[in-house]
Amino acid sequence: MSRPVTLCTSQWADLPLETVCKKAQSFGYDGLELACWGDHFEVDKADETYCRKKKETLSKYGLKVFAISNHLVGQAVCDLIDQRHKSILPAYVWGDGDPEGVRQRAANEMIRTAEAAKRLGVDVVNGFTGSSIWHLNYSFPPVTPAMIKDGYSDFAARWLPIMEKYRALNIRFALEVHPTEIAFDITSTRRALEAINNHPNFGFNFDPSHLGYQGVDYVKFIYTFAEKIFHVHMKDVSWSNVPVETGVFGGHSEFGSLERFWDFKSLGHGNINFEEIIRALNRIKYNGPLSVEWEDSGMDREFGAKEACEFVRKVDFPSSNIAFDAAFEK
Amino acid sequence: MSRPVTLCTSQWADLPLETVCKKAQSFGYDGLELACWGDHFEVDKADETYCRKKKETLSKYGLKVFAISNHLVGQAVCDLIDQRHKSILPAYVWGDGDPEGVRQRAANEMIRTAEAAKRLGVDVVNGFTGSSIWHLNYSFPPVTPAMIKDGYSDFAARWLPIMEKYRALNIRFALEVHPTEIAFDITSTRRALEAINNHPNFGFNFDPSHLGYQGVDYVKFIYTFAEKIFHVHMKDVSWSNVPVETGVFGGHSEFGSLERFWDFKSLGHGNINFEEIIRALNRIKYNGPLSVEWEDSGMDREFGAKEACEFVRKVDFPSSNIAFDAAFEK
Amino acid sequence: MSRPVTLCTSQWADLPLETVCKKAQSFGYDGLELACWGDHFEVDKADETYCRKKKETLSKYGLKVFAISNHLVGQAVCDLIDQRHKSILPAYVWGDGDPEGVRQRAANEMIRTAEAAKRLGVDVVNGFTGSSIWHLNYSFPPVTPAMIKDGYSDFAARWLPIMEKYRALNIRFALEVHPTEIAFDITSTRRALEAINNHPNFGFNFDPSHLGYQGVDYVKFIYTFAEKIFHVHMKDVSWSNVPVETGVFGGHSEFGSLERFWDFKSLGHGNINFEEIIRALNRIKYNGPLSVEWEDSGMDREFGAKEACEFVRKVDFPSSNIAFDAAFEK
Amino acid sequence: MSRPVTLCTSQWADLPLETVCKKAQSFGYDGLELACWGDHFEVDKADETYCRKKKETLSKYGLKVFAISNHLVGQAVCDLIDQRHKSILPAYVWGDGDPEGVRQRAANEMIRTAEAAKRLGVDVVNGFTGSSIWHLNYSFPPVTPAMIKDGYSDFAARWLPIMEKYRALNIRFALEVHPTEIAFDITSTRRALEAINNHPNFGFNFDPSHLGYQGVDYVKFIYTFAEKIFHVHMKDVSWSNVPVETGVFGGHSEFGSLERFWDFKSLGHGNINFEEIIRALNRIKYNGPLSVEWEDSGMDREFGAKEACEFVRKVDFPSSNIAFDAAFEK
Amino acid sequence: MSRPVTLCTSQWADLPLETVCKKAQSFGYDGLELACWGDHFEVDKADETYCRKKKETLSKYGLKVFAISNHLVGQAVCDLIDQRHKSILPAYVWGDGDPEGVRQRAANEMIRTAEAAKRLGVDVVNGFTGSSIWHLNYSFPPVTPAMIKDGYSDFAARWLPIMEKYRALNIRFALEVHPTEIAFDITSTRRALEAINNHPNFGFNFDPSHLGYQGVDYVKFIYTFAEKIFHVHMKDVSWSNVPVETGVFGGHSEFGSLERFWDFKSLGHGNINFEEIIRALNRIKYNGPLSVEWEDSGMDREFGAKEACEFVRKVDFPSSNIAFDAAFEK
Amino acid sequence: MSRPVTLCTSQWADLPLETVCKKAQSFGYDGLELACWGDHFEVDKADETYCRKKKETLSKYGLKVFAISNHLVGQAVCDLIDQRHKSILPAYVWGDGDPEGVRQRAANEMIRTAEAAKRLGVDVVNGFTGSSIWHLNYSFPPVTPAMIKDGYSDFAARWLPIMEKYRALNIRFALEVHPTEIAFDITSTRRALEAINNHPNFGFNFDPSHLGYQGVDYVKFIYTFAEKIFHVHMKDVSWSNVPVETGVFGGHSEFGSLERFWDFKSLGHGNINFEEIIRALNRIKYNGPLSVEWEDSGMDREFGAKEACEFVRKVDFPSSNIAFDAAFEK
């Protein structure tokens, strides 16, 4: 059987959930990955009744939910807090904006997110971790090994207690490996796992779009962290095969501007090799949803979301369930 | 005539200048680009006598000087100051470490550097500018256009007064376009020039090694900013043509570790196309030195510096000084 | 909304227009780009009645017309006339075949074409210009700058008066940039625009198939001449990525022969990157038709024209009409 | 033994021969390929005495001569004559400029060139043939097969009589396969050989620089016409691996301008794979000279000619003269 | 008209033929290529009645048969027989396993296969030949030319008599060029044809999947042996564009293991360029079936066989049946 | 310090050792890798006197010896013996040619080779192992896992006793990983090491030329088996980047024939990336010789051996012995 195809609602938070449901159904999706912003899934309101009603709304449009996402709050757990965070956090998490206070309220909110997930009946929370050392990624002025070590220790100190709660709730946290997080390529992911003692409830929301343009082997990521792939984002990205004006660091430019080295693209319009991803997911026996996180600054969102759903259905295929009989191969 | 080949002394600051001179001569160099650290060129001591003696030392080994470099102090002019800066600044610039104080003392020191350059008889000071917005290079949490604009305004506010002093002294400042600076690719360089009103004394120390692995068209850089190429670093870098474990952001790894997307390399051992660089420099009629900033974590420094000097002499060639007679081409 | 997809009738001039209409409808097209040969659109007969009847024929098959094409007559305006032109010109334009007479009658016919277009209700005439200097494209025996200059002056002298008439009629002329014309790549196009003083009624019928195999950046063409893209041909071409027996100049061989460096191909069967073309057309806000000029010496014409129509519908997509909300991208 | 390395004097015709000799010796060459223009080798003056003196001049500088070149006159034999030819022909060949007269005088001069070659003691005359159909290379307005056939017939009619004279003199004519000639790629070369009945005295001056950028397999050229490789030019050319502004047809631009698809380059600075050329020449047992036709609009001519001589010596190597003993390979 | 698409039943021999028919029909196939194993087509039982019933079974599901395949028995004709052959041969061919006896019974069975094909009404038998020299493919310990010659002589001695019978029956034998056979690339195929005197009944079942990963030009294969293409297998294969752990010789690993240089893939999931194959088949006017030999160790067989049928229908296209009118190309 | 450069004498066994010494000195080598054939190093004669005299001969020409090679005898230890082996074995090893007898005598001779090496004063014996399963590399007729397992067991059974003797003598055996051996890529090498219990005296003579054309990651080989790299062959190979007539299995063709997918080449004339090899050898701290095994069917042997020696000296470089001071990198 093919995997369910879901739509991640983060990029649709400007619309009420029911509108999103209606559209998602018409685009052909099997379900939604509910984002914890807008009215899509509000952690602070998510009691049993709220959760039941959300599921009813989805059911009405023939949709299921397999995971919820709380990237914005997760980001604040380890980050050096500044004004940018105010714009992405609920007021009750931001509070007075004192950095350490924000971080602690964010950590607490991530626990509440797991509790809400439990009530909703899903066992995966996708999200970000933030990082106290992302700004040190280019080692000038020279960064000492101790500074990096401190960053991973800080991550462990803040997330281990959260993960213990997740373990108690039997909920898995799936970090979307991504620039600005404690893990953003294979090397930093290894280190994050080490720091958190390979905690069983800590794993990944695999999203190739954040890895490919960096020059990271995203297929190897799947094999390397096979048992940690808790969720999968289908998202494409293009990068240039000739040198351009705006380099990989973005040149302080906007998405969609010309002469950028890389940009997010609707599925099938970028450089990601989804064939190899599906084969890898088949080999590691990932059975969860394929969730479309749609983003393309040059395409109509509704056109794209529909085309993307068709793309995923076409590119996904089941693996062989019988041993190939060597006697008859030639 | 071919251009003079100099050795940048930044990577040799662990040795006394005279030792560096002796080595540079034996490697075959024509001169040195003196770094303002170690005893190579000390701004605070650089009175007329000091400068005369430095030049005598160089002369003794048949070496000339065309430019001095003060990257470390320049970095502090715009940066958000933290403990890393303490390790790269003279004690009298660091002072009590109060960020704004550090920045202002650094700015003042850059002016003193120009005055010292004048006494030494060179008209180019290479260096860094620092940047208050480098940490915002990945736009998450979302960065607003106003935040970027503020960064460039801060740069202009701090460097325009410095540049006015340089104008008075007839000294040119050559920013090495580089990650962590206000300009690190073509797009951000355009914007920096705009911010500083295209100040005549503000230009660039072209160094392809910081651009190539980013996916930036370093040859186009030369044509785009032709009249702003005040100095040239010959430095190579390799980047992978297959995806690897550590992406372009460095994965918090050390230089020289395996599976890095990019690393600095001795000249001729990386991916930079120096043929096209020389053709471009010929076309824009750059006549200054070609300065080897040697760095390769996998090669013996002395072996490499000698090989690099030979490499530059081989790759540099004079352009045609007669019009090609079309009547005889076929 | 997606753009209308039309079929250029030049390659179907062996069939009566009504037959072409019937086929085009069955292939799925929205309209036709009428060629001024065969009975498709006869300039000399195109009075109001003729035009009304043509449109009725099209309507009968649900087709619209957005542009007409008169490449063959346009070619004769600047060309050095020889026997080849006799085979492509109406007898009344060829006349006695005296070169200057032919050129002047051709120029006049191009004006009459615009008048007929007006009566038909379209505002774009596609076509060729010819060139008195195409045969000098390889500079041996040596070609002087004055010879080239003369060619562009001749072009301006012949086409400026025509363009003035077009201006009066409010009709735009769209040159298909193409070998043998005054403009055949970006460089010669810049020069043609300069020669004709960037005349507002002079622009281009963008056709990537004539640029790609030459090594011309056809996407850059769109951005460089954004406001001059009056019409678009969808046509594909393949070129070899390994060296072959017949080079880019064609080796005096026929289309479709083996070992050619390049050949026209049905859409999607060649090397042209239509994804990038659509993104560029979206960015410059081109809203006209996408017209299939079908040509592939190795494929059945009807099979191909149908497949090509489907290809264009699949590759065309609308751009985003809302600003991408940076707050929610990750 | 390695092959002799000669310098083609065509690009040095602005200098008296003796000056060229002096330079060639200092650059390291073994000999010269004398061009029939300037005072290098004047066919109309080349009696026995003249020839002896020329050889003495060469000997004085330790140089030999293996071939002479008369491209300019050869070009006029088949060309459609226009003002460009006046600038490249001796006055006595141009005469009154009547095309047919020019062609016939040029044909006669090519015979006289062979006679002079005989007196000089060389058995190869390099040159061009011209072509009456080059201007038809792009088949629009449509070119009929008959027109092409006429061009090859014209070539045969004009050159067969010349070749008969060459046969009588035991001199071989080596056409440099090149745009604007009757043969410019493998396909047109096959056809030229057929037209001229594979005449034993008609062969080629192999020059990869005119083939590579066209997409022609220049190594295959050597194997295909193995017994017809009478002489070899070592000349390099670069072509772009990304699309540019000026396409392969040259955009009516000058050599050396930016954004050209291709340009001639000093040896080792372009894209030609000389390793494969040497292996092919070894396999076909070509023992003649490797003649440097130096051309690079971006490099000093004297620097380049010296570097090119060293390049040829480095790239040329002898083939195995013993059968490789299979018993010991592993 | 497009070509019929058939399914080769070799990979489905674990299922009764009627089951395969049912599935093939549901997948969209036009017919079957019957394998001579399982109950699909049993040579020893294939009398007139048997053949009529087989065809009735196929007809029941709307299927036709164009060829039968007997690779397993063919393999034994020239092979050095060992235990592996026992597992692939009918007991009555294996007999007592004495190598020469096996080879002779296999040769006889191939004749009986042709007789059965005749009764079934098809004129092509696909198969293997085996080879007595495949194990010598790497020339160490050194292989002498005589040893290779012996292998081809053995092939001729064994297969010429078989081919004579085929000639009498008017049946063509189509060797699937493949490792372990007497022909496995273009060079060995030429030699096999020579050895067998280019026998008119001996030709090929073209299958690109066995050629591409070897670095063999499979499109050139079609043109080189145009009149010998008796049957076509549509089968895909991928090979790595980066170096891996298991090389092209297979490293004694299983299909489907990671880090293999090559592996068979469902159509459209590998590296084979079917566009070029169809164009070549069109040019040589191959009108037979396109037979899907489905194999992909990472994909569900039924999903794949259906997708493959659709793929073939999409990639196949008819060639032009009218001469392209040059007068209207531009 | 750079590593010593030696010449492997296998390809010079047609010459007496002293002649080879004279040549090697003149080519610039530091030493020889003595082959156990011809008179270079005769195991059966190699008593103390013989060994002392050999070293005196080498010393006379300033040459050292670091390893001896006995590939030919080693090959016979596991191989299925046939007539080919007779031509490569000493008569006393071949004996009556009974396969099992040959294998046992070969095994014994490999022990005697180690004893002779000890007397000569070297601690590395390079060689081959042979393989009883090489002929099964393509799995048709289907090869069972048990058959492969048997091959590795046979290898272990035959080589473990030999290795025990080597351990006692403190001599290391360096298998040249190579087609026809028990290990020929990374996967089969892993398995061979497992089979032989990772015996401390069993390691490898790294030779990239046998791996690269197979698509094997030869640089990864070095890192994967870092502590097992006992010796290094510098040998180059080219492979085609376009498909050809003779595939990677060799098409039963000779080395040096045209249209082969791969062929051995003199150093620097093939595709091997020696830069990456040297960096890898530096990282694993390999300090042994770089031994040139020269082979190129298209180049004069003496020209090539000299050029190869210069190539190795140029490409080899020492690694950094000081930690790169991060404080000064930028």
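Order as written gives the chain letters A, B, C, D, E and F; numbering starts at 1 within each chain.
The rule is simple: a residue touches a chain if its C-beta (ideal position, glycine included) is under 8 Å from a C-beta of that chain, and two chains touch if they have at least 3 such contacts.
Since this is a predicted model, take the numbers as computed values, not measurements.
Asks: Between A-B, B-D or E-F, which shows the same interface as A-C, counting it as a repeat when over half of the contact pairs match?
Replies: B-D
Asks: Rounded to a multiple of 5, how large is the rotation, in degrees, that superposes the C-alpha trace of chain B on chain D?
Replies: 120
Asks: So the centre of each chain is just the mean of its C-alpha atoms; given that, what is the distance between chain A and chain F in Å?
Replies: Here the centre of chain F sits 50 Å away from the centre of chain A.
Asks: Using mean CA coordinates as chain centres, what's the gap between chain C and chain D in Å?
Replies: Computed value for the inter-centroid distance: 39 Å.
Asks: Return the residues of chain C touching two or more other chains; collapse runs of consecutive numbers into ranges.
Replies: 87-88, 139-140, 142-143, 178, 242, 254-255, 326-327, 329-330
Asks: What residues on chain C touch chain A, complex-wise?
Replies: Per the stated touch rule, the residues are 223, 275, 279, 282-283, 317-322, 324-330.
Asks: Over in the complex, which chain D residues touch chain C? Could you list them?
Replies: Chain D reaches chain C through residues 72, 75, 79, 84-85, 87-88, 133-143, 145, 147-148, 151, 178-180, 184-188, 191, 211-212, 214-218, 220, 239-240, 242-255, 259, 261-262.
Asks: If you look only at chain C, which of its residues touch chain E in the complex?
Replies: Going through chain C, the ones touching chain E are 10-11, 13-14, 37, 71, 87-88, 128, 176, 178, 254-256, 258, 264, 269, 295-301, 303-304, 307.
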